[in-house]
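Can you keep this structure in mind? I'll have questions shortly.
The chains carry the letters A, B, C and D, assigned in the order they are written, with residues numbered from 1 in each.
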């Protein structure tokens, strides 16, 4: 298949993001998946089963907005979580899903959401310009039926005004942004704030 | 001695694995040992006393399935733990034994086994495709008589259906797989899950 | 604009410092800002919104001692915290403001100051040559009105004999020195001592 | 001054050791000092005030067994701790003194000694070939009078059969070996075991 220049550019950005994310230890084994929405509405997304720290362009595939493979490759089992987010948020053009351990520990210690407030670093999130704000990270139970999970998440996100990410319990974080660098900045900030919360709670049940 | 192409390939894979494992801090000083089974049933294994982060092909030696040196080099004192595992599991072709600290802390806090459940990352283990599963990591007391220890471990593993690794208390982890990359994926996943468990227990006796 | 050789040298030192500081994980997302005072009294300072681990000389701008832009670029929102410190301490020629997590955790656990004593590493601070000394790191509440915050901090620093840094709660550390390497040495020592204190307190409220 | 080939070789080994030790985070700011005894009985030792992660051969100087400078350079303030150890242990040819944080936390939590037992990694120490052994790491109060401190330490070490290192409280670790790699192996093993002990104690006063 002949991929467009937009696809190649997005695929390279996802490979670079993978190396950065792996260096942080956030995608152990072959976990995690990443995607970017192209200008034509199709989506570049990681294929199944590759180590995300060693991605090559050929490990990225093309799907349409309904998650159908356009190049015959097999997408990640969690592809629907990506396509649902792109439909929910028209401004979002990149989604990152690492298995960062802080997200997993958060999900086992906190209930259905984590509230972040009073951190200067909250200003790393697009649209926030003060530490005097609260942001909420919903936590969902894990489920192997991804369509079921995607629907639960989508219904929860619908009434939320601002949301920068969610956690699937015992599984990992989903975060997003207008572009791959934007999503990476949100990821870096979220993991940092998760670790702050965990250190403050002494990693003990609240 | 003239080594076969299979041996050289296996030796290089073990050297690469050593660099990766050392970068994680899992083989301090000259600890740890690694092996790979060759197509002819002989085994490439690290020699005694080398730093596993700086292995060269000449630091890997050839033994037969009974742990006899085939090239005159001196194998690791723990070689029998490798040969017993290869006999027990015909599909296993690579064994990694790091001294990762999480395994050691686990062994001092938990009793005779660690049970891992409800983690998405369990899907990193060959044959598992849901987080709704339990895997058991047996923990054995350390012993300097390796034949004695190998027999105790082998009798314990015999009735187990699925086993991806075991811990020797105050010593380290043994894990394995169909190939070196397979064993490395299991190692990366196990250490990650050990750390999750330790953080959740607040590193306190259960 | 034609920048002076002094500016270029200072800008390169700040870029190098940024890479070092980012490698430590102390400037997540695009947080932090750094500056150096030039021999003519003007100041080289990081512009707003760049990742501090990937700074290029063009990401550094020139301001005067009153925080006015001299090259049309937009300085960091926290520029007044820098200019106030330069006025307060004539010997100081470099200021570093990372968002190191230890400083943030310290600010959430301790009250209005942290006292460091009985560490050999205190000798890393200019003018200290024994571990039998106490140094005090003031902690201020965060505020988005930087002029207001700068005045509060300046009034607090005025009567202090020796001060090597302060923390803004939930935000980060400011530290300084006679030169960029001097400020970096103070930063490295402070973060190390913050971590010692946190580990000794078991990350629990005192 | 014309340095001997032995000196150059020892100096290069110390520079390499410094880079390794700094990468571990064990010599923050300009802390730490290292030395190696030459075949003629003189000693190559780090000069005062340099960052130990960026050592060059010219940052290493030559002293005699009584700590007199033989090349006009200024040795570390702690030089007598090195020369006393070389006199006490004829087989020792290298001494490393990092400010590893684990040693400092150990010194603040434990009393006058740390006992290490039941770790397989104890076999990393020369002369130990089982985990069923106890080794003792003495902890001394810090003192700025180095001759006074050196005498206290020396009297304590005199009756000990086996000693691989000691801690100065709030300051750091001294460890040694027959060669620089030997001392590095001891350092790597000690820091690992210190961290095990701290994690097992939950970083809480015993």
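Observations on the structure shown:
Operating definition for what follows: a residue touches a chain if its C-beta (ideal position, glycine included) is under 8 Å from a C-beta of that chain, and two chains touch if they have at least 3 such contacts.
Note that this is a predicted model, so its numbers are computed, not measured.
Taken together, chain A and chain D share the touching chains B, C. With respect to chain D, maximal separation of chain centres occurs for A (centres as means of Cα atoms). These two copies of the sequence, chain A and chain B, are related by a rotation of 90 degrees on CA atoms, to the nearest 5.
Per-chain Cα centroids separate chain C from chain D by 32 Å. Chain C has its Cα centroid 46 Å from the Cα centroid of chain B. Residues of chain D found to touch two or more other chains are 202.
In summary, the structure contains touching chain pairs A-B, A-C, B-D, C-D.
Chain A meets chain C in the complex at residues 118-121, 124, 129-132, 185-186, 188-189, 191-192, 195-196, 199-200, 202.
For chain C in complex with chain A, the touching residues are 28-31, 51, 99, 101, 104-105, 108-109, 142, 144, 168, 170-172, 198, 202-204.
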